[in-house]
Amino acid sequence: MKILYFAWLRQRIGVGAEDLNKPACVTTVGELVAYLIEDKSKAYATAFREMEAIRVAVNQEYVSFDRQIENGDEIAFFPPVTGG
Amino acid sequence: MKILYFAWLRQRIGVGAEDLNKPACVTTVGELVAYLIEDKSKAYATAFREMEAIRVAVNQEYVSFDRQIENGDEIAFFPPVTGG
Amino acid sequence: MIKVQEQDFDVGGELAAMADGKTDIGAVVSFTGLVRDGGGSIRKMTLEHYPAMTEKRLAELEAAARKRWPLDEVLIIHRHGELSPGDRIVLVATASAHRQAAFEACNYLIDWLKTEAPFWKLEETQLGETWVDAHDGDAAAAARWK
Amino acid sequence: MIKVQEQDFDVGGELAAMADGKTDIGAVVSFTGLVRDGGGSIRKMTLEHYPAMTEKRLAELEAAARKRWPLDEVLIIHRHGELSPGDRIVLVATASAHRQAAFEACNYLIDWLKTEAPFWKLEETQLGETWVDAHDGDAAAAARWK
(Lines give C-alpha, C1' and ligand atoms only; values in the text may rest on other atoms or scores of the structure.)
Protein backbone atom coordinates (compact mmCIF):
# COMPACT_ATOMS: atom_id res chain seq x y z
CA MET A 1 0.00 0.00 0.00
CA LYS A 2 0.99 3.55 -0.64
CA ILE A 3 -0.12 5.96 2.08
CA LEU A 4 -0.25 9.73 1.42
CA TYR A 5 -0.71 12.63 3.84
CA PHE A 6 -1.55 16.23 2.94
CA ALA A 7 -1.65 19.65 4.61
CA TRP A 8 -1.40 19.59 8.41
CA LEU A 9 -1.55 15.79 8.49
CA ARG A 10 1.62 15.71 6.38
CA GLN A 11 3.26 18.30 8.64
CA ARG A 12 2.39 16.47 11.86
CA ILE A 13 3.45 13.04 10.63
CA GLY A 14 6.55 14.48 9.00
CA VAL A 15 6.30 12.66 5.66
CA GLY A 16 4.01 13.08 2.66
CA ALA A 17 4.11 9.48 1.49
CA GLU A 18 5.14 6.09 2.73
CA ASP A 19 4.89 2.47 1.64
CA LEU A 20 3.49 -0.22 3.90
CA ASN A 21 2.91 -3.92 3.40
CA LYS A 22 -0.66 -4.36 4.51
CA PRO A 23 -0.63 -6.26 7.83
CA ALA A 24 -3.00 -9.25 7.88
CA CYS A 25 -5.08 -7.73 10.69
CA VAL A 26 -5.85 -4.59 8.62
CA THR A 27 -8.82 -4.93 6.25
CA THR A 28 -10.41 -1.45 6.34
CA VAL A 29 -9.27 2.19 6.38
CA GLY A 30 -10.35 2.45 10.02
CA GLU A 31 -8.20 -0.55 10.95
CA LEU A 32 -5.27 0.99 9.10
CA VAL A 33 -5.61 4.17 11.19
CA ALA A 34 -5.76 2.11 14.40
CA TYR A 35 -2.65 0.20 13.27
CA LEU A 36 -0.77 3.45 12.52
CA ILE A 37 -1.72 5.00 15.88
CA GLU A 38 -0.05 2.01 17.62
CA ASP A 39 3.20 2.84 15.78
CA LYS A 40 5.06 5.32 17.98
CA SER A 41 7.89 5.90 15.43
CA LYS A 42 5.96 8.88 14.02
CA ALA A 43 3.34 11.30 15.44
CA TYR A 44 0.41 9.27 14.04
CA ALA A 45 -1.51 9.44 17.30
CA THR A 46 -1.35 13.24 17.34
CA ALA A 47 -2.14 13.54 13.63
CA PHE A 48 -5.17 11.26 13.79
CA ARG A 49 -6.56 12.71 17.03
CA GLU A 50 -9.18 14.87 15.28
CA MET A 51 -10.70 12.09 13.22
CA GLU A 52 -13.86 14.07 12.38
CA ALA A 53 -11.61 16.58 10.60
CA ILE A 54 -9.93 13.96 8.41
CA ARG A 55 -11.04 12.81 4.97
CA VAL A 56 -9.79 9.67 3.23
CA ALA A 57 -9.50 8.71 -0.43
CA VAL A 58 -8.68 5.24 -1.76
CA ASN A 59 -7.29 5.22 -5.29
CA GLN A 60 -8.22 8.92 -5.63
CA GLU A 61 -11.89 8.44 -4.71
CA TYR A 62 -13.49 9.70 -1.51
CA VAL A 63 -14.45 6.77 0.74
CA SER A 64 -15.62 6.23 4.30
CA PHE A 65 -13.46 4.72 7.05
CA ASP A 66 -15.16 1.33 6.79
CA ARG A 67 -13.95 0.96 3.20
CA GLN A 68 -12.08 -2.34 2.53
CA ILE A 69 -8.48 -1.92 1.38
CA GLU A 70 -6.07 -4.08 -0.60
CA ASN A 71 -2.30 -4.17 -0.59
CA GLY A 72 -2.07 -2.40 -3.97
CA ASP A 73 -4.22 0.57 -2.96
CA GLU A 74 -3.20 4.21 -2.71
CA ILE A 75 -4.68 5.58 0.51
CA ALA A 76 -4.65 9.32 1.15
CA PHE A 77 -5.50 11.13 4.39
CA PHE A 78 -6.16 14.87 4.45
CA PRO A 79 -8.20 17.66 6.07
CA PRO A 80 -11.35 19.03 4.40
CA VAL A 81 -10.32 20.64 1.14
CA THR A 82 -10.03 24.42 0.71
CA GLY A 83 -9.33 25.03 -2.96
CA GLY A 84 -10.97 27.34 -5.44
CA MET B 1 -42.49 67.42 -28.02
CA LYS B 2 -39.75 65.30 -29.51
CA ILE B 3 -40.99 61.96 -30.87
CA LEU B 4 -38.55 59.10 -31.55
CA TYR B 5 -39.06 55.82 -33.42
CA PHE B 6 -36.77 52.81 -33.36
CA ALA B 7 -36.29 49.53 -35.25
CA TRP B 8 -39.20 48.53 -37.51
CA LEU B 9 -41.31 51.47 -36.29
CA ARG B 10 -38.62 53.83 -37.56
CA GLN B 11 -38.44 51.95 -40.86
CA ARG B 12 -42.22 51.96 -41.41
CA ILE B 13 -42.68 55.62 -40.50
CA GLY B 14 -39.60 56.58 -42.46
CA VAL B 15 -38.04 58.92 -39.89
CA GLY B 16 -36.25 58.30 -36.58
CA ALA B 17 -37.23 61.56 -34.91
CA GLU B 18 -39.62 64.44 -35.39
CA ASP B 19 -40.75 67.52 -33.48
CA LEU B 20 -44.41 68.23 -32.81
CA ASN B 21 -46.18 71.03 -30.95
CA LYS B 22 -48.49 69.14 -28.65
CA PRO B 23 -52.08 69.66 -29.91
CA ALA B 24 -54.50 70.75 -27.19
CA CYS B 25 -56.59 67.60 -27.58
CA VAL B 26 -53.59 65.35 -26.80
CA THR B 27 -52.97 64.77 -23.08
CA THR B 28 -51.74 61.14 -22.95
CA VAL B 29 -49.48 58.86 -24.96
CA GLY B 30 -52.54 56.97 -26.22
CA GLU B 31 -54.10 60.19 -27.48
CA LEU B 32 -50.85 61.08 -29.21
CA VAL B 33 -50.92 57.74 -31.05
CA ALA B 34 -54.56 58.33 -32.08
CA TYR B 35 -53.61 61.81 -33.31
CA LEU B 36 -50.68 60.46 -35.35
CA ILE B 37 -52.79 57.70 -36.93
CA GLU B 38 -55.14 60.42 -38.25
CA ASP B 39 -52.17 62.03 -40.02
CA LYS B 40 -51.91 60.36 -43.44
CA SER B 41 -48.68 62.17 -44.41
CA LYS B 42 -46.67 59.22 -43.05
CA ALA B 43 -47.41 55.51 -42.54
CA TYR B 44 -48.38 55.98 -38.87
CA ALA B 45 -51.50 53.84 -39.21
CA THR B 46 -49.47 50.88 -40.52
CA ALA B 47 -46.71 51.38 -37.97
CA PHE B 48 -49.07 51.54 -34.99
CA ARG B 49 -51.30 48.68 -36.14
CA GLU B 50 -49.70 46.12 -33.80
CA MET B 51 -50.08 48.16 -30.62
CA GLU B 52 -49.49 45.19 -28.31
CA ALA B 53 -46.00 44.91 -29.84
CA ILE B 54 -45.10 48.54 -29.16
CA ARG B 55 -43.42 49.93 -26.05
CA VAL B 56 -43.27 53.59 -25.11
CA ALA B 57 -40.83 55.61 -23.03
CA VAL B 58 -41.34 59.20 -21.89
CA ASN B 59 -38.12 61.03 -21.03
CA GLN B 60 -36.24 57.69 -21.26
CA GLU B 61 -38.46 55.89 -18.74
CA TYR B 62 -40.84 53.06 -19.64
CA VAL B 63 -44.46 54.20 -19.23
CA SER B 64 -47.93 52.94 -20.14
CA PHE B 65 -50.12 54.43 -22.86
CA ASP B 66 -52.28 56.32 -20.35
CA ARG B 67 -49.27 58.34 -19.20
CA GLN B 68 -49.84 62.15 -19.29
CA ILE B 69 -47.48 64.05 -21.59
CA GLU B 70 -46.24 67.65 -21.71
CA ASN B 71 -45.01 69.68 -24.63
CA GLY B 72 -41.36 69.44 -23.48
CA ASP B 73 -41.32 65.64 -23.27
CA GLU B 74 -39.24 63.20 -25.30
CA ILE B 75 -41.55 60.37 -26.33
CA ALA B 76 -40.08 57.20 -27.85
CA PHE B 77 -41.94 54.33 -29.53
CA PHE B 78 -40.25 51.00 -30.20
CA PRO B 79 -40.75 47.23 -30.35
CA PRO B 80 -39.84 44.97 -27.40
CA VAL B 81 -36.07 45.22 -26.88
CA THR B 82 -33.67 42.49 -28.03
CA GLY B 83 -30.24 43.49 -26.73
CA GLY B 84 -27.67 41.51 -24.78
CA MET C 1 -19.15 51.32 -14.94
CA ILE C 2 -21.20 51.52 -18.13
CA LYS C 3 -19.73 51.65 -21.64
CA VAL C 4 -21.81 51.69 -24.82
CA GLN C 5 -19.56 51.57 -27.85
CA GLU C 6 -19.14 50.39 -31.42
CA GLN C 7 -15.69 48.89 -30.99
CA ASP C 8 -14.86 45.46 -29.58
CA PHE C 9 -13.60 45.08 -26.02
CA ASP C 10 -10.74 43.17 -24.39
CA VAL C 11 -12.36 40.80 -21.86
CA GLY C 12 -9.14 39.85 -20.07
CA GLY C 13 -8.00 43.46 -19.76
CA GLU C 14 -11.39 44.63 -18.51
CA LEU C 15 -11.67 41.85 -15.90
CA ALA C 16 -8.09 42.35 -14.70
CA ALA C 17 -8.73 46.10 -14.30
CA MET C 18 -11.69 45.37 -12.01
CA ALA C 19 -9.49 43.64 -9.43
CA ASP C 20 -6.28 45.51 -10.13
CA GLY C 21 -4.41 46.51 -6.99
CA LYS C 22 -7.20 45.23 -4.72
CA THR C 23 -6.83 42.33 -2.32
CA ASP C 24 -10.35 42.18 -0.89
CA ILE C 25 -12.01 40.79 -4.04
CA GLY C 26 -12.42 37.04 -3.95
CA ALA C 27 -14.54 36.52 -7.05
CA VAL C 28 -15.00 38.01 -10.50
CA VAL C 29 -17.89 36.62 -12.55
CA SER C 30 -18.34 37.57 -16.19
CA PHE C 31 -20.93 37.00 -18.88
CA THR C 32 -19.91 37.48 -22.51
CA GLY C 33 -22.70 37.48 -25.09
CA LEU C 34 -21.79 36.60 -28.68
CA VAL C 35 -23.59 36.91 -32.02
CA ARG C 36 -24.99 33.42 -32.48
CA ASP C 37 -25.84 31.92 -35.81
CA GLY C 38 -27.33 28.51 -35.14
CA GLY C 39 -28.29 27.81 -38.73
CA GLY C 40 -25.29 29.36 -40.49
CA SER C 41 -27.52 31.77 -42.38
CA ILE C 42 -26.72 35.11 -40.72
CA ARG C 43 -24.32 37.28 -42.66
CA LYS C 44 -24.47 40.36 -40.51
CA MET C 45 -26.25 41.76 -37.47
CA THR C 46 -26.88 45.43 -36.80
CA LEU C 47 -27.58 46.65 -33.30
CA GLU C 48 -29.64 49.84 -33.10
CA HIS C 49 -30.15 51.56 -29.76
CA TYR C 50 -31.59 54.63 -28.03
CA PRO C 51 -28.44 56.20 -26.61
CA ALA C 52 -29.90 58.51 -23.93
CA MET C 53 -32.15 55.78 -22.58
CA THR C 54 -29.52 53.02 -22.81
CA GLU C 55 -27.09 54.88 -20.57
CA LYS C 56 -29.86 55.76 -18.11
CA ARG C 57 -31.35 52.25 -17.88
CA LEU C 58 -27.95 50.54 -17.58
CA ALA C 59 -26.88 52.96 -14.83
CA GLU C 60 -30.16 52.24 -13.00
CA LEU C 61 -29.58 48.48 -13.34
CA GLU C 62 -26.04 48.84 -11.96
CA ALA C 63 -27.39 50.84 -9.00
CA ALA C 64 -30.11 48.22 -8.35
CA ALA C 65 -27.54 45.40 -8.37
CA ARG C 66 -25.21 47.28 -6.02
CA LYS C 67 -28.09 47.86 -3.62
CA ARG C 68 -29.04 44.18 -3.61
CA TRP C 69 -25.60 42.53 -3.42
CA PRO C 70 -22.27 43.53 -1.81
CA LEU C 71 -20.32 44.35 -4.99
CA ASP C 72 -16.91 45.97 -5.28
CA GLU C 73 -17.15 46.54 -9.02
CA VAL C 74 -19.76 46.32 -11.76
CA LEU C 75 -18.96 46.59 -15.46
CA ILE C 76 -21.36 46.56 -18.39
CA ILE C 77 -20.06 47.02 -21.93
CA HIS C 78 -22.59 46.83 -24.76
CA ARG C 79 -21.72 47.25 -28.41
CA HIS C 80 -23.92 48.73 -31.14
CA GLY C 81 -23.56 48.98 -34.90
CA GLU C 82 -22.59 46.22 -37.34
CA LEU C 83 -21.49 42.83 -36.04
CA SER C 84 -20.77 39.40 -37.54
CA PRO C 85 -21.53 35.89 -36.21
CA GLY C 86 -19.10 35.03 -33.40
CA ASP C 87 -18.51 38.69 -32.50
CA ARG C 88 -18.78 39.79 -28.88
CA ILE C 89 -21.92 41.90 -28.19
CA VAL C 90 -21.97 42.42 -24.45
CA LEU C 91 -19.84 41.95 -21.36
CA VAL C 92 -21.34 42.01 -17.87
CA ALA C 93 -18.91 41.51 -14.98
CA THR C 94 -19.20 41.73 -11.22
CA ALA C 95 -16.53 41.63 -8.51
CA SER C 96 -17.23 40.80 -4.89
CA ALA C 97 -15.64 39.35 -1.80
CA HIS C 98 -18.17 36.52 -2.10
CA ARG C 99 -18.70 34.33 -5.13
CA GLN C 100 -22.45 33.84 -4.80
CA ALA C 101 -23.04 37.60 -4.76
CA ALA C 102 -20.91 37.97 -7.89
CA PHE C 103 -22.77 35.12 -9.68
CA GLU C 104 -26.26 36.31 -8.78
CA ALA C 105 -25.60 39.96 -9.57
CA CYS C 106 -24.07 39.12 -12.96
CA ASN C 107 -27.00 36.85 -13.83
CA TYR C 108 -29.50 39.51 -12.65
CA LEU C 109 -27.83 42.23 -14.72
CA ILE C 110 -27.85 40.31 -18.00
CA ASP C 111 -31.42 39.09 -17.43
CA TRP C 112 -32.68 42.65 -16.90
CA LEU C 113 -30.47 44.13 -19.59
CA LYS C 114 -32.10 41.72 -22.07
CA THR C 115 -35.61 42.94 -21.22
CA GLU C 116 -34.97 46.62 -20.43
CA ALA C 117 -31.99 48.03 -22.31
CA PRO C 118 -33.26 49.66 -25.52
CA PHE C 119 -31.34 47.71 -28.16
CA TRP C 120 -32.80 46.09 -31.27
CA LYS C 121 -31.16 43.46 -33.45
CA LEU C 122 -31.53 43.45 -37.21
CA GLU C 123 -30.32 40.23 -38.82
CA GLU C 124 -29.28 40.07 -42.46
CA THR C 125 -29.55 36.70 -44.20
CA GLN C 126 -29.59 35.73 -47.88
CA LEU C 127 -33.37 36.15 -47.73
CA GLY C 128 -33.15 39.76 -46.52
CA GLU C 129 -33.32 41.68 -43.28
CA THR C 130 -35.34 40.67 -40.21
CA TRP C 131 -35.80 42.38 -36.86
CA VAL C 132 -35.17 39.81 -34.13
CA ASP C 133 -38.27 39.13 -32.03
CA ALA C 134 -38.14 39.45 -28.27
CA HIS C 135 -37.84 36.08 -26.55
CA ASP C 136 -40.57 35.18 -24.03
CA GLY C 137 -37.98 33.31 -21.96
CA ASP C 138 -36.10 36.56 -21.36
CA ALA C 139 -39.06 38.18 -19.61
CA ALA C 140 -39.49 35.05 -17.48
CA ALA C 141 -35.77 35.04 -16.61
CA ALA C 142 -35.92 38.68 -15.50
CA ALA C 143 -39.10 38.10 -13.48
CA ARG C 144 -37.26 35.55 -11.31
CA TRP C 145 -35.45 38.45 -9.63
CA LYS C 146 -38.58 40.34 -8.57
CA MET D 1 -10.55 21.04 -20.46
CA ILE D 2 -8.68 20.78 -17.16
CA LYS D 3 -5.37 22.49 -16.42
CA VAL D 4 -3.59 22.34 -13.05
CA GLN D 5 -0.51 24.52 -13.11
CA GLU D 6 1.78 26.77 -11.09
CA GLN D 7 1.86 29.65 -13.57
CA ASP D 8 -0.75 32.38 -13.96
CA PHE D 9 -3.29 32.24 -16.79
CA ASP D 10 -4.57 34.78 -19.34
CA VAL D 11 -8.33 35.04 -18.75
CA GLY D 12 -9.10 36.95 -21.95
CA GLY D 13 -7.06 34.58 -24.11
CA GLU D 14 -8.59 31.50 -22.51
CA LEU D 15 -12.17 32.77 -22.89
CA ALA D 16 -11.61 33.89 -26.48
CA ALA D 17 -10.17 30.45 -27.34
CA MET D 18 -13.36 28.77 -26.08
CA ALA D 19 -15.52 30.52 -28.68
CA ASP D 20 -12.88 30.94 -31.37
CA GLY D 21 -14.15 30.18 -34.85
CA LYS D 22 -17.54 29.05 -33.54
CA THR D 23 -20.80 30.83 -34.28
CA ASP D 24 -23.21 28.67 -32.28
CA ILE D 25 -22.06 29.84 -28.83
CA GLY D 26 -24.25 32.61 -27.43
CA ALA D 27 -22.85 32.84 -23.92
CA VAL D 28 -19.55 32.45 -22.11
CA VAL D 29 -19.67 32.66 -18.31
CA SER D 30 -16.51 32.78 -16.24
CA PHE D 31 -15.61 32.69 -12.58
CA THR D 32 -12.18 33.93 -11.52
CA GLY D 33 -11.16 33.27 -7.93
CA LEU D 34 -8.50 35.52 -6.39
CA VAL D 35 -6.37 35.34 -3.24
CA ARG D 36 -8.33 37.52 -0.84
CA ASP D 37 -6.82 39.27 2.11
CA GLY D 38 -9.64 41.02 3.91
CA GLY D 39 -7.56 42.16 6.86
CA GLY D 40 -4.36 43.04 5.04
CA SER D 41 -2.40 40.53 7.10
CA ILE D 42 -1.65 37.79 4.56
CA ARG D 43 1.84 37.90 3.11
CA LYS D 44 1.72 34.73 1.09
CA MET D 45 -0.52 31.76 0.37
CA THR D 46 0.67 28.31 -0.62
CA LEU D 47 -1.67 25.90 -2.37
CA GLU D 48 -0.85 22.24 -1.84
CA HIS D 49 -2.71 19.59 -3.82
CA TYR D 50 -2.94 15.86 -4.56
CA PRO D 51 -2.14 15.83 -8.28
CA ALA D 52 -3.51 12.40 -9.31
CA MET D 53 -6.77 12.99 -7.49
CA THR D 54 -7.14 16.63 -8.56
CA GLU D 55 -7.07 15.74 -12.25
CA LYS D 56 -9.45 12.85 -11.71
CA ARG D 57 -12.02 14.79 -9.63
CA LEU D 58 -11.97 17.83 -11.91
CA ALA D 59 -12.45 15.64 -15.00
CA GLU D 60 -15.39 13.94 -13.25
CA LEU D 61 -16.90 17.34 -12.37
CA GLU D 62 -16.55 18.49 -15.98
CA ALA D 63 -18.28 15.30 -17.17
CA ALA D 64 -21.10 15.76 -14.65
CA ALA D 65 -21.69 19.37 -15.77
CA ARG D 66 -21.71 18.37 -19.44
CA LYS D 67 -24.26 15.68 -18.69
CA ARG D 68 -26.54 18.10 -16.86
CA TRP D 69 -26.37 21.16 -19.15
CA PRO D 70 -25.93 21.62 -22.92
CA LEU D 71 -22.37 22.94 -22.93
CA ASP D 72 -20.10 23.53 -25.90
CA GLU D 73 -16.98 24.10 -23.83
CA VAL D 74 -15.86 23.72 -20.24
CA LEU D 75 -12.57 25.05 -18.90
CA ILE D 76 -11.13 24.70 -15.40
CA ILE D 77 -7.69 26.10 -14.60
CA HIS D 78 -6.46 25.78 -11.01
CA ARG D 79 -3.10 27.00 -9.80
CA HIS D 80 -0.96 25.51 -7.05
CA GLY D 81 2.22 26.64 -5.33
CA GLU D 82 3.01 30.08 -3.89
CA LEU D 83 0.59 32.96 -4.44
CA SER D 84 0.21 36.53 -3.14
CA PRO D 85 -2.94 38.51 -2.23
CA GLY D 86 -4.73 39.62 -5.39
CA ASP D 87 -3.31 36.74 -7.47
CA ARG D 88 -5.64 34.62 -9.59
CA ILE D 89 -6.15 31.10 -8.16
CA VAL D 90 -8.80 29.51 -10.33
CA LEU D 91 -10.72 30.06 -13.56
CA VAL D 92 -13.93 28.18 -14.34
CA ALA D 93 -15.58 28.97 -17.66
CA THR D 94 -18.49 27.51 -19.58
CA ALA D 95 -19.73 28.17 -23.10
CA SER D 96 -23.21 27.36 -24.32
CA ALA D 97 -25.84 28.42 -26.82
CA HIS D 98 -27.95 29.44 -23.81
CA ARG D 99 -26.93 31.83 -21.08
CA GLN D 100 -28.75 30.16 -18.20
CA ALA D 101 -27.02 26.84 -18.90
CA ALA D 102 -23.65 28.60 -18.93
CA PHE D 103 -24.40 30.43 -15.65
CA GLU D 104 -25.68 27.40 -13.80
CA ALA D 105 -22.92 25.07 -14.98
CA CYS D 106 -20.19 27.57 -14.04
CA ASN D 107 -21.73 28.10 -10.60
CA TYR D 108 -22.12 24.32 -10.11
CA LEU D 109 -18.50 23.66 -11.09
CA ILE D 110 -16.96 26.17 -8.69
CA ASP D 111 -19.29 25.09 -5.85
CA TRP D 112 -18.27 21.44 -6.24
CA LEU D 113 -14.64 22.24 -6.92
CA LYS D 114 -14.54 24.05 -3.56
CA THR D 115 -15.78 21.00 -1.67
CA GLU D 116 -14.23 18.16 -3.70
CA ALA D 117 -11.01 19.15 -5.41
CA PRO D 118 -8.09 18.16 -3.15
CA PHE D 119 -6.40 21.53 -2.60
CA TRP D 120 -5.33 23.00 0.73
CA LYS D 121 -4.45 26.61 1.45
CA LEU D 122 -1.66 27.57 3.82
CA GLU D 123 -1.67 31.26 4.75
CA GLU D 124 1.42 33.02 5.99
CA THR D 125 0.91 36.09 8.19
CA GLN D 126 3.23 37.95 10.56
CA LEU D 127 2.02 35.58 13.28
CA GLY D 128 3.07 32.48 11.35
CA GLU D 129 1.50 29.87 9.10
CA THR D 130 -2.12 28.70 9.29
CA TRP D 131 -3.99 26.08 7.26
CA VAL D 132 -7.23 27.62 6.07
CA ASP D 133 -10.30 25.91 7.52
CA ALA D 134 -13.01 24.58 5.23
CA HIS D 135 -16.02 26.90 5.09
CA ASP D 136 -19.40 25.42 6.10
CA GLY D 137 -21.08 27.63 3.50
CA ASP D 138 -19.19 25.84 0.74
CA ALA D 139 -20.73 22.46 1.58
CA ALA D 140 -24.17 24.08 1.67
CA ALA D 141 -23.57 25.78 -1.68
CA ALA D 142 -22.58 22.48 -3.29
CA ALA D 143 -25.54 20.66 -1.75
CA ARG D 144 -27.94 22.99 -3.60
CA TRP D 145 -27.10 21.13 -6.83
CA LYS D 146 -28.00 17.66 -5.55
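Letters A, B, C and D mark the chains as written, and numbering starts fresh at 1 in each.
As a convention for this text, a residue touches a chain if its C-beta (ideal position, glycine included) is under 8 Å from a C-beta of that chain, and two chains touch if they have at least 3 such contacts.
Quantities reported herein were computed from a predicted structural model and do not represent experimental measurements.
Student: Taking each chain's centre as the mean of its CA atoms, which one is most distant from chain C?
Tutor: The chain lying farthest from chain C is A.
Student: What is the distance, in whole Å, between the centres of chain C and chain D, each centre taken as the mean of its C-alpha atoms?
Tutor: The mean C-alpha positions of chain C and chain D differ by 23 Å.
Student: Using CA atom averages as chain centres, what separation in Å is found between chain A and chain B?
Tutor: So the centroids are 74 Å from each other.
Student: So what's the Cα centroid distance for chain A and chain C, whole Å?
Tutor: Chain A and chain C have C-alpha centres separated by 49 Å.
Student: Express in whole angstrom the distance between the two chain centres, defined as the mean CA positions of chain A and chain D.
Tutor: Computed from C-alpha means, the inter-chain centre distance equals 27 Å.
Student: Name the residues of chain D that each touch 2 or more other chains.
Tutor: Residues 33, 110 of chain D touch two or more partner chains.
Student: Taking all chains into account, which pairs touch?
Tutor: Once each pair is checked, the touching ones are A-D, B-C, C-D.
Student: Can you list the chain C residues touching chain B in their complex?
Tutor: Those residues of chain C that touch chain B are 33, 47-50, 52-53, 56-57, 78, 89-90, 110, 113-122, 131-135, 138.
Student: For the complex, give me every residue of chain B touching chain C.
Tutor: By the definition above, chain B touches chain C via 4, 6-8, 10, 57, 60-62, 74, 76, 78-84.
Student: Quick check on the complex: what are the chain D residues that touch chain C?
Tutor: For this pair, the touching residues of chain D are 10-13, 15-16, 19, 21-38, 40, 42, 85-86, 97, 99-100, 102-103, 106-107, 110, 141.
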